[in-house]
Amino acid sequence: MKCCEPVSLFYYEENKGGGEYQAMTQLTHFNEQGASRMVDVSKKEDTDRVAIAHAKIIMKPETFQLIMDKKIQKGDVLEVARVAGIMASKQTCTLVPMCHPLNLTSVKIDFTNNAVNEIDVLSEVRVTGKTGVEMEAITAAAVCAITIYDMCKAADKGMVISDIHLVKKTGGKSGTFIFDKDA
Amino acid sequence: MKCCEPVSLFYYEENKGGGEYQAMTQLTHFNEQGASRMVDVSKKEDTDRVAIAHAKIIMKPETFQLIMDKKIQKGDVLEVARVAGIMASKQTCTLVPMCHPLNLTSVKIDFTNNAVNEIDVLSEVRVTGKTGVEMEAITAAAVCAITIYDMCKAADKGMVISDIHLVKKTGGKSGTFIFDKDA
Amino acid sequence: MKCCEPVSLFYYEENKGGGEYQAMTQLTHFNEQGASRMVDVSKKEDTDRVAIAHAKIIMKPETFQLIMDKKIQKGDVLEVARVAGIMASKQTCTLVPMCHPLNLTSVKIDFTNNAVNEIDVLSEVRVTGKTGVEMEAITAAAVCAITIYDMCKAADKGMVISDIHLVKKTGGKSGTFIFDKDA
Amino acid sequence: MKCCEPVSLFYYEENKGGGEYQAMTQLTHFNEQGASRMVDVSKKEDTDRVAIAHAKIIMKPETFQLIMDKKIQKGDVLEVARVAGIMASKQTCTLVPMCHPLNLTSVKIDFTNNAVNEIDVLSEVRVTGKTGVEMEAITAAAVCAITIYDMCKAADKGMVISDIHLVKKTGGKSGTFIFDKDA
Amino acid sequence: MKCCEPVSLFYYEENKGGGEYQAMTQLTHFNEQGASRMVDVSKKEDTDRVAIAHAKIIMKPETFQLIMDKKIQKGDVLEVARVAGIMASKQTCTLVPMCHPLNLTSVKIDFTNNAVNEIDVLSEVRVTGKTGVEMEAITAAAVCAITIYDMCKAADKGMVISDIHLVKKTGGKSGTFIFDKDA
Amino acid sequence: MKCCEPVSLFYYEENKGGGEYQAMTQLTHFNEQGASRMVDVSKKEDTDRVAIAHAKIIMKPETFQLIMDKKIQKGDVLEVARVAGIMASKQTCTLVPMCHPLNLTSVKIDFTNNAVNEIDVLSEVRVTGKTGVEMEAITAAAVCAITIYDMCKAADKGMVISDIHLVKKTGGKSGTFIFDKDA
């Protein structure tokens, strides 16, 4: 009985002898049965790539005011959250299983807002590499917002993190993507 | 000129001599100037604590169908995302700067949905410890949703992760919290 | 259409209203549909636990002699491998998805051999906790042997790591296990 | 008394004065006394490199059947193990002390078997870089097999992981290596 | 030929048969040959422990002024360095090979100074556990100072980090230690 | 009320409609308000870069003698410390928030001394990349010295780590730096 034919990624050479296991000396090709894998980007060009992502955290106006007044017990909320987001972008490939490790060349995080009960997080990540940095930008924005939650949760456990999405990406074979909020 | 009086956490003993720097042999007390810190939980009891968190990812119905049909090239999306979320919960204190390291005793992630264009992620984390696992549950749910994004982004870059929030927590001095969506 | 009923871990309360998603305020119970999870050990006692594991690496006698003569270019093979194994035991829960984080109280690695073309690695790990340290001991032995491979691979790429198994474990509800090589 | 002459890696310039320690402004050359080090690959070319590794886990036929029937309590064993192996390959340089950090471009893991009491793990790793990915492939296969052990150990603590070895590598100055099981 | 008698940590039972390797079913005792190991603390009591450490970074007065004026291009130097030190304390056992993993209950970092060309870093770490947190406090102070270096190195590459030492520790069997700068 | 204008990194396009948040489809430029960020090196050339750093640890002559005699209980102090320093250099970008991830091509650590109560640590790190490895060399030397402290602290808690600084760096646009101890 074979255990794994339905998900087998490899074609094997013929067994070269009567030993305990097959000598698998050549993996010529991959089938398309959908087993999880880190997609092969070895034939792609190194190009300049940029990704921008967004996250929003919604809170009580009183919590927003505490952040603005720097009265949260754990410290300057936005500065700590920014550091957390930047550091998280560098951990993306250890968090997201199929992400490629990449030598990020730039990570920036900024904050803005459109109302007195929310903070918008914007992250921008750059790389010169064979694959894009969408996941790094999304991870940076998400962990930044999660850190805002952590810093303020003693005051407001009902905060909601929302609207995490890719804003824009450029570079690479698939070209430019711009988020269309009405799509 | 003193560099740091406004954010000084410590009161020092008197300088014991004329040396190059002060002999700081006793830290008696902490002021309240708000410098970032990992909050001291050393006097808290070890109690059983549970936290449940939620995240939602919204996508095109076609993408949802691809996941259901297990046709995404990178593998079984929900199973990989579940593993990613469980593993991320164990990395929480290396991602969120002021989180305490904890010996989690249980992590579970489940999926449900209310429409053909979304997946809801629910995480549940348990610990016997001096502080709660809200951040671990939120991190698990968020990274799980981010992994769904990664697994499907070749098909749908416009997915949005939303409604990340604590659903419920029990245990600890502050007692039970239940999310009120109308608050 | 529901996406995930077959693997659902949770039973939800009734939807409390007509909002965008359900208010999930109580997770009462877990079904047994086999979704991956970190097994709940929150009700288990903290007890003293020990696990011992073994790994063997087989090489050319000339390579063995190089190690004994400390002539490998990268350094003292066994000492570096020992450090690697000890450090890896502390990373077990970030490598093995369903492992619990634990505060290991002791890690030791030793080497022996029964022939001039092999080295046996023995690891011993201890903890006072709610779950055992079998995986920590196995990971320590395996990474120790992998490091021996790395240190010597310039001389001998055909080395084989073999016989990685639990030797013995004590403590915990399931009691003592002793490996039976004839089983 | 000098502490470290026998293992000194560097030749220093002459002490430039009578200060507390020597001004070491030039490291001109390295001796060959065998101190551990990450081998210098800075002069090597970036070339395409592939490595394939194997691991086998031997178990009771009943355990094998549980995996095939997806009846293991912790989840779909092979899928979780595959994710663990892929993620571990990205952690190789933090586990194996003298390994170089590398931007892996592809990681794949597959399963096969030759008997009803064993599973064979095959990993394939690719990179465009100055050094090969043998250790990444071996680490992926080993951690994948260790995770199978973890997922099944409640049913079968006597499983043995065996035959971890490099199957094939191509690329780089040392050219192609194919494992010869009869060597 | 035995490879490792001089550094063997274990005494083995008699070989139980003529198999390929010895069945090592009991590790009764450890010799004292000095092989590296994580010291066994499994018999120690869980007690409250505190450690305070210091580091100093010396710089040009102009650099000090840039930090005070928050004119460093990379951001608010002291706040970023504080976050880095707190996060590093949680990574201590992955950096220092023989350190035990611990559930830190409090980490604080503060800054002071005695001259216009230096900043003093003070860290305080607490735990309830079987071993102390001296290394966590020292790591926090050191990484905090290293981060100050990184944030300012575009302006001043000649900065020197100095006087990293334990200031005080309390708790545990060995009792209280207070640094004596004239020792 | 806007939360974050004073630290805003980005200029946004005009709001494209009346939606809940702005469509941020273009980041044209960065202001100079000093928010922390990983500096953008994406336009820099890949060049060969080398950095050498130093750290010193001062101890009681009796402790020094224990190290030389390899009588420290935890193992061969200098060899373990060397491995720790090499491994730490690869963790630099996860410790120092604004450091770029880099594929180090060489890491070496050596020891020397000028007196019977001190050990000097020298680290050398190389990379071919867009930014230098000063922080990796400093981190390697510092963690190596911290590990010496850990290995010996049972005998001597009063050890002091001192004189951590960059010794020399070459490569990159800013050219060569040589530490001037009299500066």
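The letters A, B, C, D, E and F name the chains in turn, as written, and every chain counts its residues from 1.
The definition used in the following text is that a contact is a pair of C-beta atoms (placed from the backbone, for glycine too) under 8 Å apart; a residue touches a chain by one contact, two chains touch by 3 or more.
Remember, it's a predicted structure, so these values are computed and weren't measured experimentally.
K.L.:
Quick check: more C-beta contact pairs in B-D or A-B?
P.N.:
A-B
K.L.:
Identify, among A-E, C-E or C-D, the interface equivalent of E-F, where equivalent means over half of the contact pairs coincide by residue number.
P.N.:
It is C-D that repeats the E-F interface.
K.L.:
For chain A and chain D, let me know how many angstrom lie between their CA-based centres, rounded off.
P.N.:
25
K.L.:
State, to the nearest whole Å, the distance from the C-alpha centre of chain B to the C-alpha centre of chain F.
P.N.:
Between these chains, centre-to-centre, one finds 27 Å.
K.L.:
If I count partner chains per residue in chain F, which residues reach a count of at least 2?
P.N.:
35-37, 39, 75-76, 79-80, 82-84, 87, 91, 94, 97-98, 101-103, 163, 179-180
K.L.:
For a test of understanding, state which residues of chain A touch chain D in their complex under the given definition.
P.N.:
Counting only chain A, the residues touching chain D are 1-4, 7-10, 12, 17, 19-27, 30, 35-42, 44, 93-94, 97-98, 100-103, 129-130.
K.L.:
Flag every residue of chain F that touches chain E in the complex, lowest number first.
P.N.:
Residues 34-37, 39, 70-76, 79-80, 83-84, 87-88, 91, 94-99, 134-135, 138-139, 142-143, 145-147, 149-151, 153, 157-166, 169, 177, 179-180, 183 of chain F touch chain E in their complex.
K.L.:
Residues of chain E touching chain B in their complex?
P.N.:
48, 52, 54, 56, 64, 67-68, 78-79, 82-83, 86-87, 90-91, 101-114, 116, 119-120, 122, 124, 126-128, 163, 167-168, 178-179, 181-182
K.L.:
In their complex, what parts of chain C are in touch with chain F?
P.N.:
Going through chain C, the ones touching chain F are 75-76, 79-80, 82-84, 87.
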